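Structure, as structure tokens:
By written order: A, B, C and D. Residues from 1 in each chain.
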Amino acid sequence: MIEAKNVNFYYGNFHALKNISMQMEANTVTAFIGPSGCGKSTFLRILNRMNDLIDDTHLAGECLIDGQNIYDKSVQVDELRKKVGMVFQKPNPFPKSIFENVAYGLRVNSMGDKSFIAGRVEESLRGAALWEEVKDKLKKSAFELSGGQQQRLCIARALAISPSILLMDEPASALDPISTSKIEELMYALKQKYTIVIVTHNMQQAARVSDKTGFFMLGELVEYCDTKKMFLNPDKAQTQNYITGKFG
Amino acid sequence: MRRLKRIAERMVEGLLTLSGGVTSLAILLIIIFLFKEGLGLFNSPNVEKGYSLCVNSSNEIVRLNPLQIKNIFDYEVSNWQEVGGADEEIMPFRFDEIFSQYSDEELGEDYALLPQRLSEVIAKHPNIIAFLPQKYTPKDEASVKVLPTKNISFADFFGGKEWLPTATPSPLYGLLPLLLGTLWVSIFAILIALPLGLGVAIYLSELATEHAGKFLKPAIELLAGIPSVVYGFFGLVVLVPLVQRSLNLPVGETAFTGSLILAIMALPTIITVAEDAMRNTPRAMREASLALGATHWQTIYKVVVPYASSGISAAVVLGVGRAIGETMAVLMVTGNAAAMPRSLFESVRTIPATIAAELGEAPAGGAHYQSLFLLGCILFVITMMVSISAEVISKRQYSKGV
Amino acid sequence: MNKKTSQKVAFLTFRLLGLLVVGILFWILGFIVYNGIGIISWEFLTTAPKEGMTAGGILPAIVGTLCLVVGSVIFAFPLGVMSGIYMVEYAKNGWVVKLIRVMTNNLGSIPSVVFGLFGMALFVNTLGFGDSIIAGSLTLGLLVLPLIIRTTEEALKAIPSSFRTGSLALGATKLQTIRRVVLPMAFPNIITGLILSVGRISGETAPILFTVAAYFLPKLPHSIFDQVMALPYHLYVIATSGTDIEASRPIAYGTALVLIAIVLFMNTLAGMLRRYFGKKVKTN
Amino acid sequence: MKHTERELQSLKEEVSQMWKLVLSQLEKAKQSYFSGDIELAREIASREKRVDAFELKIDSDCENYIALFSPVAVDLRLVLSLMKISSTLERIGDFSEGIARHVIEEDCNRMPPQMLEDLQLDRMFDMLTGMLSDSFVALESENTKLAGRILAKDKEIDAMYCNSIALIDRFLSENPSFIHCGLKTLLLIRKLERIGDHCGNIVEEIVFYVDAKVLKHGAKQNKE
């Protein structure tokens, strides 16, 4: 379970997130929608402390995962990121073989021996619905895969280290509709085992895959509710205007 | 009025187009002049111009190569057997020695009798080999055999292991010691500079705070801006004694000292190019690695460095290029002994240093002068290859993994 | 926690290496400044060498270097700028341009001693200039040509094409656009290239060895066909082959200091200009 | 199967269930009418609420489906048809309840059996249940070949309705004491005729879903 309590985030003097409080249940898909620059990606990256990489930023408030504040001094950031996997907007496989891409996370965290890694790689590729397509070319470069396959490879890579939470930052925005629908199906299947948080520009996508949806605007969480409610009868006029495209 | 303006514009544009070709023209001219002078070496006789070698006609020797001639006159070879003749002691005879054997009267007015006297000397000693100006060489004498002179060959130049351009009677233009000296010093310099440069590049692109970067980058620019003669001077007064004392060597002017100074000079090139390459690693790639729980350092050596490897190779190649062509600093600290390099702690001589040191003393148009131009050609070709391969390497996209 | 430790060790090493590089720079600069500062005086800068270069000043060398700088800039700057304009504004993408670009890059990578050889063969011998300011200037000019071309190209490329289309749309010809819009905007950066090349010219030794530099010539040049002394060559001479090397050491330090001061001043000036104008363009 | 497809499938499943319920309502209405079983009629009346609940549920599920999955083409036609079918089914359910009420009210004693036979009420009921179950099969099998047959039955029912007006008119002029009962019977027949029309509408919706053709309001005839 993920819980944000009064999270405020600043890029320098820019107040990027204002008083965000929300809870995300285990084994659900939560989607964040909102116009560009509304802070949804920023908020996603707070959940595995990816924003630590950006200079001159700071955070106020608490962000708890399974009851523990992840910004606590005692938290090891790489351990946290092991638990909270992330998939990025553009497929970004490493310039390595397919196998090595998936094994990367295991190797850098020194998890298990050779046979364990081999088993884990297969399991993750199956989990990402990619195994059948790549099982004969594991030693080939990851760049030989199509965009959609690369993105599923990146998902497999994230799954390999057994995270409990999977963050996806517009995971299908660079893909064609067929690959997109494969990724969406995957998310639907993955929520049995993982808690998934996804940022998307595509409202239909949020509607299709998510259980709950949060609408961000200008750094504020305008509305957060069941996806069905959000797309049928949102509470706030702002939300209504945005999802009906009358925003402006 | 309008037409005049249009014509003027046309002219200016023509001028611009012409100036666009100026670098190509320069390279073309460089090639023409370098190779014209340089290749002239192969038309020069292998004995000093205007001189010839004579032996007693009873001597069965037909020809000698430049190395043999040099060894004979250096008294390193003392028996004809060693150069393919009879078992007899060699008696090298230089032209000057005639004046100690004959008085001026005996040589006649304006040395008219000189050729005659010389032939007498040669006739008297069957084991003699005489190095004489062609002007005074005895002609049509039965007792004297003039050895045929041959032009310097490619093999003499490219395969020669000795560089003695001022040796008489037969100068030696062997490229190998210079070429090896150049490579020796340059490659060792890169071996020193690469880990250092790579480390600093990683520091700059990955670790340095903005403040530290602001301080370090101009420092590296300054390091690149210091003239090579100043590096040479610094090497000469600081590094040479330092190397000599700390390693307990007879002289401090060694290949090692040269490598040290070259390493410092190649550092800015390596750092800048490698840093650029590493900065170009997509942010997404780093984030993916970090998101998988890798530490920053693991991300650097497992993702960033492999991704930047082509850029880093280009940095190395460019560094080598800079080191190979470097003249003044090397000239001042390596000691310039033109011998085949055997160890790092001996004096060596590089191609650029040879050119710089000897061109002033070589008479224009002579074989020595031409040989230095030929060295220039070699240098030109090497750096051309280096810069083209650097370009190819750095353009090579990292499309295939593994 | 093993990976933490190795990260700590590695990062510490890199920090130290960074410090080492700065250390080396300060070692070299400090050494020269420390030893040379004592000899610098008005007299040192304004008198000719005396007593076999073990005493006196370095005026002829300073003047000589100045002559070479001016000479080569007069030759190389217009040519380089024009060439850069051609490359950016006129050349269409084709094999000719590719060739020219490769040639420019390669010209930049040719060792300076090869330029010296070339200058000697062409300007000194073939064209019969003899060892002279003009031969040396032309050689040095050729050497810095790629630098000027490259900085000009970069300066021009940094101008957004919207300015060009804007001007063209008002009925200006291409040349007018370049002259009135593009060049004035690119000018500061082009000047940066010029300053950098001045720094480069003042420090180069190898190309002038055989084309202009005089071992010892205590008078000032009268025409462009005179030989001159030059700072870098003077340093080389008194450091390695002066009449009394030990006695002339202080002079050598002084010369090195003057040389380094000129070169570094130029580089810093160029860097400051670049940063200043870089910022200015950005905020616009 | 993709989860969007599964979602659509379950929507269809709901409509089938509603369908079965309505069908059984109609059958029971017939049974109670002919046997005068008031208990059964009460049961029908109370089960009508379930039909209404079904309609509401299917409506909101369809809304959600459109809102969340923004269906297009055949999926969109299916959802739209299902929505209309469910409301039509609800209407049919209402009529079934109306028949049940007719039984419950008891104020109308039986028409003479001969009259009922002449009116062919039995046959009308059977045709209607046949139409309803046929159209159900048509939807399940996505087969529109049955459509013509069902629409033909509708015409037949219309004819029977017209015929029954004449019959009752004559019957009442001969037996004025049956006026109340006769009118009520006419209303009942009118209900059956309406059910027939609704079945026809359902078939038109199925044709719209499967073949994307609009049969409504004689659109077909206009085209021809």
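Here, contacts are C-beta pairs under 8 Å (C-beta built on N, C-alpha and C of every residue); 3 or more make two chains touch, one makes a residue touch a chain.
In this text, all values refer to a predicted model and were calculated from it rather than measured experimentally.
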Review point. Could you give the fewest steps needed to travel from chain A to chain C through chains in contact?
Key: 1
Review point. If you average the Cα atoms of each chain, whose average lands nearest the overall Cα average?
Key: A
Study note, to complete from the structure: More Cb-Cb contact pairs, comparing B-C against A-B, go to B-C
Revision key, fill the gap. Per the C-alpha means, the centres of chain B and chain C lie apart by a whole-Å value of 24
Practice item. Go ahead and note the Å separation of the Cα centroids belonging to chain B and chain D. Key: 104
Revision key, fill the gap. Here the gap between chain C and chain D, centre to centre from mean Cα coordinates and rounded to Å, is 97
**Study point:** Inter-chain centre distance, chain A versus chain B - centres from mean C-alpha coordinates, in Å
**Key:** 59
Exercise for review: For chain D, write out the residues touching at least two other chains, lowest number first.
Suggested key: none
Revision key, fill the gap. Note: chain A residues in touch with at least two other chains are 78, 108-109
**Study point:** Junction residues of chain B - those touching two or more other chains
**Key:** 295, 298
Revision key, fill the gap. Listed by label, touching pairs are A-B, A-C, A-D, B-C
Point to revise | Residue ranges of chain C in contact with chain A within the complex | key: 2-3
Practice item. Could you please specify the touching residues of chain A with respect to chain D in the complex? Key: 181, 185, 188, 204, 207-208, 227-228, 231-232
Practice item. Provide the residue numbers of chain B that touch chain C in the complex, in ascending order. Key: 9, 12-13, 15-17, 19-24, 26-27, 29-30, 33-34, 36-37, 196, 199-200, 202-204, 207-208, 212, 215-216, 218-223, 225-234, 236-238, 264, 267, 271, 295-298, 300-301, 318, 321, 324-328, 332, 352, 355-356, 359-360, 364, 372-373, 376, 379-380, 383-384, 386-388, 391
Practice item. Could you pull out which chain A residues touch chain C in their complex? Key: 78, 108-110
Point to revise | Residues on chain A engaged by chain B in the complex (per definition of touch) | key: 48, 50, 53, 55, 78-79, 81-82, 85-86, 88-90, 92-97, 100, 104-105, 108-109, 139-143, 154, 157-158, 161
